[in-house]
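Two complexes are shown next, each including chain A; its partner changes from chain B in the first to chain C in the second.
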Partner chain A sequence: MLIRKFAAGAFLAAATLAFSAAAGAKELTVGLASEPTSIDPHYHNLTPNNSLARHIFNPLIRMDANQGLVPGLATSWTAVDDLTWEFKLREGVTWHDGSPFTADDVVFTFERAPNVPNSPSSFGIYIKGKTVEKIDDHTVHIKTEVPTPLMPNDISTFSIVSKKHGEGAGTEDYNSGAAAIGTGAYRFVEWVPGDRVVLERNEDFWGEQPEWSRITIKPIQSDPARLAALLAGDVDFIEGVPTTDIATLERNEDITLSQGISNRVIYLHLDHFRDDSPFVKANGGGDIVNPLRDVRVRQAISKAINRDAIVARVMEGVAIPAGQLLPEGFFGVSPNLEPMAYDPEGAKALLAEAGVPDGFELTIHGPNDRYINDAMIAEAIAQMLTRVGIRTTVETMPRSVYFRRASRGGPDGLPEFSFILVGWGAGTGEASSPLKSLIHTYDADRGYGASNRGRYSNPEADALIEEALATIDDAKRQDLLAEATEVAINDGAIIPLHYQVNTWAGRKGISYNARTDEYTLFTEVFSVE
Partner chain B sequence: MSVFIIRRLLQSLVVVFVMSLLVFFGVNVVGDPVDMLINPEMSQADIEATIRALGLDRPVHEQYWHFLTNALSGDLGKSFIFGEPALKLILQRMPATLELAFVSLLMSVAIGLPLGVYAGLNPESRVSRTIMAGSILGFSLPTFWVGLMLIMIFAVVLGWLPSTGRGDTVQVLGISVSFLTLNGLSHLLLPAFNLALTNISLVIRLSRAGTREVVHQDYVKFARAKGLSSNRIVFVHVMKNIMIPVVTVLGLEFGGLIAFSVVTETIFAWPGMGKLLIDSVQNLDRPVIVAYLLIIVLFFIVINLLVDLTYSLLDPRVRLQDVKA
Partner chain C sequence: MTSVTDPTAAQPQKVPDPALLDAGAEERAAQQTPFRRFCRDFFASPVASVAFVVLCCILFIAVFAPWVSPTDPYDLAVVDVMDNRLPPGSTSFDGSVTYWLGTDGAGRDVLSAIFYGLRTSLFVGVASGLIALLIGSSVGLVSAYYGGRVDSLIMRIVDIQLSFPAILVALILLAALGQGVEKIIVALVVVQWAYYARTVRGTALVERRKEYVEAATCLALPSRRILFRHLLPNCLPPLIVVGTVQTASAIALEATLSFLGLGLPITEPSLGLLIANGFQYMMSLQYWISVFPGIALLITIVSINLVGDQLRDVLNPRLQQ
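This part shows the complex of A and B:
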């Protein structure tokens, strides 16, 4: 299978290369697609920021390349009871200035992270409802008011900062480097906004020493320019290789490609809540009772979409057809769900059964600068649906306009569109993240369904999701999440299309242990000469 | 002269005020920055809190009033994305852009003027025809394409010059500049040429037209009859008279080079203001867009003033008092 091939290849490369990595002076220059907005690890919960922070700082629990949880600054974590978790901290770890890491730093981080001034999106969402208590220098207890099975996942999202340097320090002190003192594999050297970030290996790092002694990160936003910089030898390694160039690069002997599936599913959301949906019309433009509320119509749409063709043609083979919310291998996915088979005749039959044998008119809305090839995917879907009788027009727009309208652009702050293309990356690396935000009934007071832009509502799914989110036992929770996913997908809550596959490219012999969370970590970049 | 300058500055204040109104209300019509900032996993209550923290829950006119009162004390607001003062972000990136614009302006004159004058003096020669054909290409080829081609040819295929980024910098009077180091110069060459291309063509065409007109003037014929060397005729009498349109156009173009070298800066990953602007537009970082455009208005005002002053130096017949700006 394609996923296996990607993963196995990357793992093999990593395993063989890890040993050849000498601790000599080796420099790596990389071109990244986007620049962090700050060095402060708690300022902005954003992929480029988190990715950079992982080098300078460490969280208590780290996520491996497949978002599995592995020890970080904590060596073990256990639920003492339903409401208390005990974390044993790693001993002998020092900050970049030589001072020891203790429980006080953890307590301080819990105070600082949710309260960074001007933070556009803080880590408060993972810290809310948790109180931390120092037991001794290397033990802390984290208490909650309700059972929190996702505790380890939540804790893995944010970096621990030094109390000594962080007290009273603002975001600008981290940006200047004065407070950017971490425990990570790399020390912060300098940040020249728009130009470069420089990191230097921390020779006293508590974990395995990375291969590169010095790293220069250059933000090169333009895809062709980033690729040209690699081909010209100005950078050694780049992220975000455009799908259109992959075939050419595979033939180029001076370039090594690394690929890995991501935790991001591209899916369609449909209007589940309005009988009179603004972008659904009868043939000829008259009014029609929203047929998308009929599960048979939703299944017909799913059957009418040829996922293999989208993957092969639009994505140039660099994606995996999707049948649920997360790729196999993630916690909480269902073993029983396969991508819906392409069956245009079956789709027509279902439409006839649902009382719309001649189809209807529909508009698909999507962003054109957010996901890989997003606008082209929307066009392909419109053509496929038109073929089974649902005459579909396409409207795409920049994400800065799209997401507001898709979330609350209609009257009374309701979603404006009827049929949309969106993506979801599970930050926690397990199935409760999409289930809670996309599938659960929209409930602002309790924080459920924040991105449920179709306002799907199914009491059965809601009950399963809520039960899962209160179940500490992993095996039981896994089953509940899988069951909730099955209920939702079989009911056509959303229509999954494909999982994104990300591509990195390096000079010959420089490969990457590709990550599902789309981070680019230089500790996972290896070379073989 | 001083009356002229004072009147000009007063008019400028009105322009800046009107501009701030247009820009502020303009950027507030488009999209919603909140969706660019939040993490998708945030709950509805957290999203509401972000909206309030950014002051986006208040009506637009109230936001504008808040902006205006702060602006009068020199505070143009804080970037939504970076959390730092917008003015600081812009000033931080200004030296790189100014450097690029200056070098590109120099290139336009140094390459465009001799070629244009040559084409004007020898209108029928084959070389002149080639120059003029080339200038049409310079006008009509899109900058992003030329930029990519330059990178492909000089960086990827030939490997002579670096493809992207800014080279080593040195501090001069507290400003970091890169044209004083060899590495910096090599990084500067391609983007500056890319940015200069249109202006080189413009200067070629202007100076050719000017030369052709001037060489038939009586004072040139007289100078020739007087027996002046052709060097002196070209470099003193012709040059001086074709410079006025060139200076006017370059003055205006220079403002454009500084303000909107967006394409070149993006392709060459040049850490300048243009890249900041395009990023801010994409992310709807409203305070930065507003501050940026206001600073650019100020730039244009200053440049136009300088152009008018240059006229009076080049052509004594121009009396600044008479210019109703």
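This part shows the complex of A and C:
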């Protein structure tokens, strides 16, 4: 429902434009909050990289604005049996150099993508355990050892590259453009790191022709500077509009805003696994047995947080209070979970019941350049917890430092912090993604709990998640995912705060079909003359 | 000015002051203590007098911030996000406090935050200035007194240090050291000591050729004594001037570092961090979060500089009519 409400305006605009969009020479200059770390689509599984790769390359299956699956380089996909999926490939598609796209390219991609040297975050998690087999030039079979209901979601995450250009090509060959030959709507022209990425429309694109003939992408990291560039006319379109400026921009007739809810939940992760937690202290600084391991304390923290106040005052109303891992409308969410109501008295009562009536001392760690208003949210939470007796100090740091320390900064490569502010975007567009990575017991070998920085472990939730991931039947899987979510949230595995709502802004008449995956795709930017 | 007990130690006043050579001056000088003369000269300029009074007020506020602030901006149990970004003159959510200069993004009273911020900024500026002065003047004295290779070595180090922009050196240091008040002070000391060393060396080179030093050397006094009892007191006037200017620039540098996010924790902002936090609201015309701390910083630095300028004029005989 919420998604529909937010995206409705953008959809209307898109619908009217489908008729008026002319294929003339129109250029678009955009200001993005961060630049990709590479043009190689398999180098780094990171939003700016994936977002850019979607223009030059295509995956077999694409995701629409609400992360629904739509045909990409594959026209259809079906499960032949529990362990085999058949993909029919699109015919008549050519690479940017004119050579035809065939099943050989798919087979090559499955070899290359998980094995890119020095990849900071590999696509291997989506590809390992899957073997691809060419049936004919336009049919492939993908086999797995266990039933994989999420096969289409996994396949939608990575781009198909050309065997002809990709064989033997390293990441630097993609960055220079030599190997950056895709099937996408745009051809790669140049990348000047720190300054610009330039794309040119592929006139032979197999899908619908986009409106803009040439795109210049400028990385402008500072929020006020990016907005100033738009207001000054240096760029036509920007992402990541600061929430504080939305009200002013709504009154500005020269600017068009586009908004959409995201699949990203902002939440608190707590130390579930150490009795002596480094950033939890008794009042006065002495040692204390980690009270965060007590579910009553976790619930007290959740009750002490006024989510409506954070949304109204810190986020300027541009966010949605969260009660679980994904917003309403996504596959696998529970209909029974509401955001925890603000109840400071109830929180104090629970703390007293748990044996810490006078509270304790806690440090919240968070990034200061990753999520919308992240440092301010951490500060607001510290205020709210301090008021129920948990004296909280705030430490924020740039993401480059933060995530490394939060994941493995402590002794023995364990998570360093006790209480952290983080976010999780469900890349697959359904609830198994956060459940598998945040809730399931940490198990590096099997790829579970990869971002479980609180090392939460609950056999009941684990069993439900594993069962869901092996259940082909959609209705049954939906129920299992919802049940796992309920078990985890009621046990205080994580404390959800809110779902992000993203805002894009363009010059008058330039609107965006807002996406839940936070990508900025120029094929979805339209203008009204 | 200095309590020098050594009978051979030269007093700065022994050098005939050209200002006192005009008619009747000697007679007046006989009635006045050096301190009174200094005060008369200093307050001769109305601008400097005003600056001095303003600086005293700022120091008072900084020292007594916990008592003069309307609220405690560092107490998270008091600061309420429901009160954030209120314009100047608003009353709080529950009607108990009036925010004369508005509130910032976390609901902190800007006026109180400025008072506490001044405290941090001045503490950092003065502490780093004093430590740098101590280190710099010792090194400078040693350099001037021994001369030769020692002098060359020390002065080349100073040259190298001064050839790097101060902000760059401080940024690199803070990136390596991490955040915190004491780390900022360390970074500022490293950046500043060279200025003091160079100033003291210059003055001491002139002084050490004078007769009183020769006399002291002839008495076979130990080097340490000549350095600190004879040379140092006579190098003080330029040191005081450089000290005030450097303190002002240390405060500005600390504000810059905080603005860049390398300073202090966000729950205990200094002036630079307040300005940085308010910067993101400038486009939506919520000017007060940045502008008022900016004005406070400006007044502080200008008044310190004006006082420093006047000190230079008063302490430098050549500039007196």
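In this section, the second predicted complex is superposed on the first by the 522 of 529 C-alpha atoms of A that agree within 3 Å, B and C clash if a C-alpha of one lies under 4 Å from a C-alpha of the other, contacts with A are read in each partner's own complex, and residues count from 1 in each chain.
As a convention for this text, a contact is a pair of C-beta atoms (placed from the backbone, for glycine too) under 8 Å apart; a residue touches a chain by one contact, two chains touch by 3 or more.
Just so you know, these numbers come straight off a predicted model, no measurement behind them.
Enquirer: Specify the outcome, clash or fit, for chain B and chain C once both structures are aligned onto chain A.
Expert: Fit: chain B and chain C sit side by side once superposed on chain A.
Enquirer: For A:386, select first, second, both or neither according to whether it touches chain B, chain C, the two together, or no partner.
Expert: Second partner only.
Enquirer: Quick one: is A:285 in contact with chain B, with chain C, with both, or with neither? Answer first, second, both or neither.
Expert: neither
Enquirer: Looking at A:396 after the superposition, I want to know if it touches chain B, chain C, both of them or none. Which is it: first, second, both, neither?
Expert: Once the two structures are laid over each other on A, A:396 reaches chain C alone.
Enquirer: One more residue to check, A:228. First (chain B), second (chain C), both or neither?
Expert: both
Enquirer: Of chain B and chain C, which one touches more residues of chain A?
Expert: It is B that touches the greater number of chain A residues.
Enquirer: Once you lay one complex on the other using chain A, what is the shortest C-alpha distance from chain B to chain C, in Å?
Expert: The answer for the closest chain B-chain C C-alpha pair is 5 Å.
Enquirer: Check chain A for residues that touch chain B in one structure and chain C in the other, and list them.
Expert: Comparing the two interfaces on chain A, one with chain B and one with chain C, the shared residues are 224, 228, 231, 398.
Enquirer: In their shared complex, at which residues does chain C touch chain A?
Expert: Residue positions touching the partner: 76-77, 79-82, 84-85, 105-107, 261, 265-267, 279-286.
Enquirer: Which residues of chain A touch chain C in their complex?
Expert: Checking each residue of chain A against chain C gives 223-224, 227-228, 231, 242, 244-245, 247-248, 309-310, 313-314, 368, 375-376, 379-380, 382-384, 386-387, 391-396, 398.
Enquirer: Any idea which chain A residues touch chain B in the complex?
Expert: Contacts found on chain A: 31, 37-38, 43-46, 117-121, 124-125, 171-172, 175, 192-196, 218-222, 224-226, 228-229, 231-234, 369, 398-401, 403-404, 407, 424-425, 427-428, 433, 437, 444-445, 447-448, 450-451.
Enquirer: Would you pull the chain B residues touching chain A in the complex into a rising list?
Expert: Touch list, chain B to chain A: 30-47, 50, 53-54, 78, 80-84, 89, 92-93, 96, 147-148, 151-152, 155-156, 159, 162-166, 266-269, 271-272, 275-276, 279, 282-284.
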